[in-house]
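In the two complexes below, subunit A is the common chain; its partner is subunit B in one and subunit C in the other.
Take a look at the complex of A and B:
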């Protein structure tokens, strides 16, 4: 192939010195070479060392890390021996970085234009008088609307997707030969992510840049990379072409990782990968993955496998890669979604009647101007017009992009936000027959029974578990509050609840900080279930977790549902995750419901145009599938005052009727409902053709 | 923006009015009144009655409050109980002297504190940092009168470089206070430098570890440019409020230093007025100090708003 690689990393080991003075490796003997025009994906879960490796390519290590062994070459430069001035010349010039979370990577006190001009000043030969013009060109190239205005904006005035585009433009300013992308789309909405990836693909094709793409998201990797390297515990465990790695992974870890990703096309729950990766310095003499591997044998524990080269040109670090086919037969088939029998006969547990929630409030000045000039300020509710009936034992998923009001609805149901209008009926189920009563809107007004019956699980267990309370104290709170348990009874119940979430009694004395992310979320789930609730509100409960852990948490939720017949309202931005767990799905846009129905129906045609946009943007971990981008990823800050909520972005807009009239609900087959002016039959034809 | 400024100004005025009511009530609740305090043992019979009539103490409290408040708003702070002099005149000189002291301490302390804060933050855990951070802790924790006494001992008693006590009369022009003012300025500057330094240091450390500094480094921005263009504008924002608090403290609360050095400022006047039970003067000084606090904090909030693009654009758009 090509003679000389652009980036050439040889036998790199990086580590940090622990308090005891021992060096803990974070990267172990890693080789990476990137040729011109090539795009390589680095995948792995958090802590696998993928970001460290990418940053090391720039000669940069995070505070506390040091090179133990190996060399990092970019072109003819040995990055870790360059002087500071020489490094500054390479970084941001021929070798540029697109960071994760651009919102935090752009300096908040200087304008976008200034930050891009700075990059030009450092790395281009252009005369200073042409800088502004060039910046505008770059902003146009990354397809930012109104580049002249963006030039004058501060980073916080841009949406997440726009910030990411600005960061891309900044990286392009130095006309790089290689781009390092560190989780560039993590945290963005699905449609925004899909658009950014398309942009990167086109840029790479146009400019012939090499790319190193770091991500935990195999869907994104599938879309942009030619070759993929899978990392585990600081080592490269598998390297091959994208289609080799994603379609026929020959390393057990890669195999497990792929199986743990929920897919739209799959009716099953994803398969969990048990256990957790070793912490740095903890890996013994053998294979780092041995403890979690289904193919483990004695040799795996004694001898660290070398990177074998297969006849197909792949590299794999496994003693048993030839036996990979056994994985499918030996691994238990993933659990089928627990179905609650006779859902249709169950009583409704929760009925939302025209729920409307408003954050915006009238200020003193608004009041004054209303009195003086009669100019009444119209407040548009953040969430409006929500009618939903949830039956006991049912799981209803709420999906939508950020700003769709899904978390707002949960907060209101939990009693943290008082609705502006509408009623919420709740049935405690104590009488054995349907006896719904009005649910007091705020938590302070709710009685013991209501507080116990409705529990909320938050997105981030780091924030929702008190870091100074032991797990025993955390679990004791609901148990003592609702059931008055103390002493031995409390201990026994705590242990049995912990065991139900597959954590042992030895966790009771630990603090949240001593647990991994997945374990913490299990504790949060245990705390919710300790109250023996009737309804559990799950707010993005798997979003902060790695995919393999996510699969385990989903399986746990499913299992508990099966056991207890609990009702869930499951909120997530991830359509595949919602599909994996929900009986019915409601699609929200700007706080208005667009579509509601059984999940199978919602995920197939006909769809509301917004659902169509969302589904089209989903990236499957399959190099042969491409997203269908039918609408722009504009971010709307508030819903329109009248008409259909989706009018401004709709790819199937009819005309003024969409702006003027809120569409009626159209009834499809099997309780499937769509709120659109286009007749269902027409939608089917339109969407089949697309 | 103007709207917001006016709103904050209104709030400030309301605060001062509330504080003035509290001060007035506080003095009112003390046993006895200005006359009993002033006349002491002779406070009985005709003498007391005459005095009360002179001062109009027989009238209801709200009337007297209004009279006092309206007067104060126009710059008339009333008449001192013992000297029968206009408080405004008395306080005027003292306020000027306090301002002089504060100004000198600020000129020395603020730039020094910011420079040292940045230096210690950038060279965290190196010897520069250890030396200055440790000295700062000492400067903060040793009571001012101890450090003042030590400095007097060192510079005026042993080395005989600087006068250890201020003998200039209260109503002298500013230039007469040199070099007597230097020692009190040094003590004050030490304390304020310590506070601001620690704040700036931690702010710099936090900003230097932020994603945008990493990004600037990886964009190839030279180190000092990163520090000055990317780090400091962000790191110094929170310093504005700390500086404001220190300034307010300097203008109103340096009683101990003024007493130790015999400096004729507001703080010492306050002490004298309290020991003389000159209640009108106490009231007047309390009101002035409160007003200074409000003004300085208002200025600081506005400056933060102007310097922080996030807040600035937020209010501009509104």
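Take a look at the complex of A and C:
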């Protein structure tokens, strides 16, 4: 690879001017070169500058940012000195971008075919009469089913994955030499993500395009990239081949980042990376990572390390990269999962008996048509037929893709949604023996004890903490409401709760906007625990957080569970996260339960075909492990009216029996239950063979 | 006073001073705030500053350009333009400064209520609001003024009423935005009473938007007041008013342009000042998301 690089960034520094007039650097002395046919991954946590770097390769900076130093070259063009017209010739043609949310990047009012033809008009020499044919070719190339039909559709008529494919097709229209991908699969379901990544791999192999792939997800990077660059606080801290970086990371930050990712094969919780990255302009004279580093020494705080070249061809910005082996000994400290003893002896705290929830409602017109034509509209419940018994002190994970009804169930248990049918029994446990009572379905009807005993933690702390309340006010709400605390007693309790989530008393006067994402989620957790609840409903509590922060939040939840014996219902789309914390796991598809059992059993064979699909699509941060894609990634918007919920996507479909009859629960070893027409023994052989 | 009450008060105060210092630290905010304060101070002190009585006519200076006696010349009746310009904003500022808070309060109250209640009542009332907004404002106001006559006691309620209607829209939209957020669900799930949720969780978030909206309404109202004066429905002569002065002097614009320019500069500097302040206030409060600092 001695030829001239396609994209060549030299010593690039980018920053913005703060209100006080100081320049705050966002990228610091970054070098990046991408050759033809190469695919490079840029990884790092939010705020590390990875997206800024990728966009700078296009000669684009977000508003307010400016180049401080350095050059960006694409082929022979210096991107930041090109005129607007020349830039337009390069961007979208030879150098294309695929953004994170292509649903927003496609024009909502024009058809997919029209938008792609427009891209051809701008960036290809093809005659206009051949445009349609070429568009169909492109849509076929990105493996969209029925390209002729997609041609005539509007973006909103496509699913998220299909929109992303259409965006890829559009980027391919100009036959680009390099493709920039900015978190292209973030926000997509696991199966969709796995399919898109496979598509990108194949496209790169077929066309010989260079790719720059920006992601926080090391699993995705492992799938598509040859080389990886790890970014931290606007610097490149480690650069090497994918297997070098992911298997034997020699920078302490990369090491910590990898350790913080929950893996399916792990029996313990991921290891948290303490602290937080410096804000722009805050990095001192020394190494930016020094404050969070286990190998820190005096020289780290005084001197900024240079990018060393190792004998293996890696580049690393660390004074102590030769001592990286010492990090492994610290890894042994990872938190051990809190053991929940004697679960089988504990009384059930919550019993769901045939819970059914419906969003859809009969309108005036439906009433009318029912009366006139006798055609009664059948309303299919969003969530149906949920039977689940949760014992005190147990953690039950609910997994499934978006639309699986997992958050809906939590909202209903919290009393925010009224179920259409079914019974919910709840045991306050105050009597010392099993005494379940009916839980009123809406929050307004619940008594003081029930309100206190069930607490909900939301996905996004930016949304669940009132931006106008200080942390003191946020914590005072449950404390005053449930325990009537005021004055000094309130203050003392607030401080002790904050300390339990490892935040100090000095946080009390702060507003949520002055806290980092992880700190905010800790406050949200503290608020829930302030009520001294029996049952905590966790709704995707780590999905809005960076991986290192996620590990810390998981460890905190685990610790509090150990301390308080609280029962959790833990909802997540991330199978590894659920496995890290749960005693039992329930798999949901379209609001119906497919599989339920102890987590070890659910994560091994036999599995419900849907669980099999989900597990197959999990991406491990390991370049040698390939996902097993068994079904396609069609997204269904509503559950089928009858039969098995998974009938339309099932890779192991038997035939009409699946469409006609809801399968019975089959009891496996232990408490493992699978709802499928295929006998368990047969499932085992089928899945072992695959 | 308990510990947490202390916290609350200090936090509200520090937030206010933080927002103010943020406004002042932006060049546009500093200029805007300076202009607004300058005009308010001028309106309060101008009776003691003016070199001439605003009613005093002097035929020998009629339509003269700037002279050493009359720095900005005299109008068609020989009255001193400088004195009249200095005094010309008093009436406008007084009327709009009273009418704006009334408009924001009643419009905000109705808007928040509709946003919370929703359903059919909301639907019907919002269509009435739409119908109101689709009529030209000057027409609606003239109907009321013609019916009830001019004067402060008609102008203030008229302006307050009509300028409260767009506030309904804004307050309702802001309420919808906040109600959909998780911290409201969190408060509901905890079992707080409805009024507590409205007072503690909803209002502080909607008030930011209303504050900015109020500032914008103020500048619109000033324009409306001046337009009414211009048409002869606002301040009655000989009381000086910028709108009226522009109307009187525009016939002589070709040979005595200062007579128009002086009130125009005065009126526009005040409106520009209010708009600049409102813009920076919005940015300081983080309402204008598109304008947020990068990264």
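Here, the second predicted complex is superposed on the first by the 686 of 690 C-alpha atoms of A that agree within 3 Å, B and C clash if a C-alpha of one lies under 4 Å from a C-alpha of the other, contacts with A are read in each partner's own complex, and residues count from 1 in each chain.
The working rule: a contact is a pair of C-beta atoms (placed from the backbone, for glycine too) under 8 Å apart; a residue touches a chain by one contact, two chains touch by 3 or more.
Note that the structure is a prediction, hence the values are computed from the model and not measured.
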(message) Based on the shared subunit A superposition, would you classify subunit B and subunit C as clashing or fitting together?
(response) clash
(message) Output check: A:157 vs subunit B and subunit C. Expected answer is one of first, second, both, neither. What do you get?
(response) first
(message) With both complexes overlaid on chain A, does A:110 touch subunit B (first), subunit C (second), both or neither?
(response) first
(request) Have a look at where A:8 lands relative to subunit B and subunit C in the superposition and call it first, second, both or neither. (result) neither
(message) For A:93, using the defined touch cut-off, is the partner it touches subunit B, subunit C, both, or neither? Pick first, second, both or neither.
(response) first
(message) Quick check on the superposed pair: does A:458 touch subunit B, subunit C, both, or neither? Answer first, second, both or neither.
(response) second
(request) Considering only touches as defined above, state whether A:531 meets subunit B (first), subunit C (second), both or neither. (result) second
(request) Please tell me which partner, subunit B or subunit C, touches more residues of subunit A. (result) C
(request) In the overlay, answer first, second, both or neither for which of subunit B and subunit C A:488 touches. (result) second
(message) Just to be sure I read the superposition right, which of the two partners does A:412 touch: subunit B = first, subunit C = second, or both, or neither?
(response) neither
(message) After the superposition on A, what does A:63 contact: first (subunit B), second (subunit C), both or neither?
(response) both
(request) Determine where on subunit A the residues touched by subunit B overlap those touched by subunit C, and list them. (result) 63
(message) Could you list, by residue number, the parts of subunit A that touch subunit B in their complex?
(response) 55, 58, 60, 63, 84-85, 87-93, 96-97, 99, 101, 104-110, 118-119, 122-123, 154, 156-157, 167, 170, 174, 365
(message) Under the definition above, what is the set of subunit A residues touching subunit C in their complex?
(response) 16, 18-20, 26, 47, 52, 62-65, 280, 411, 414-416, 443, 446, 448, 451, 454-456, 458-460, 463-470, 472-473, 476-478, 481, 486-488, 490-491, 494, 508-509, 511, 513, 527, 531
(message) Which stretch or stretches of subunit C touch subunit A in the complex?
(response) 2-4, 7-8, 10-11, 15, 25-26, 181-183, 185-192, 200-201, 204-205, 286, 293-295
(message) Under the definition above, what is the set of subunit B residues touching subunit A in their complex?
(response) 3, 209-212, 214-223, 229-230, 233-234, 237, 308-310, 313
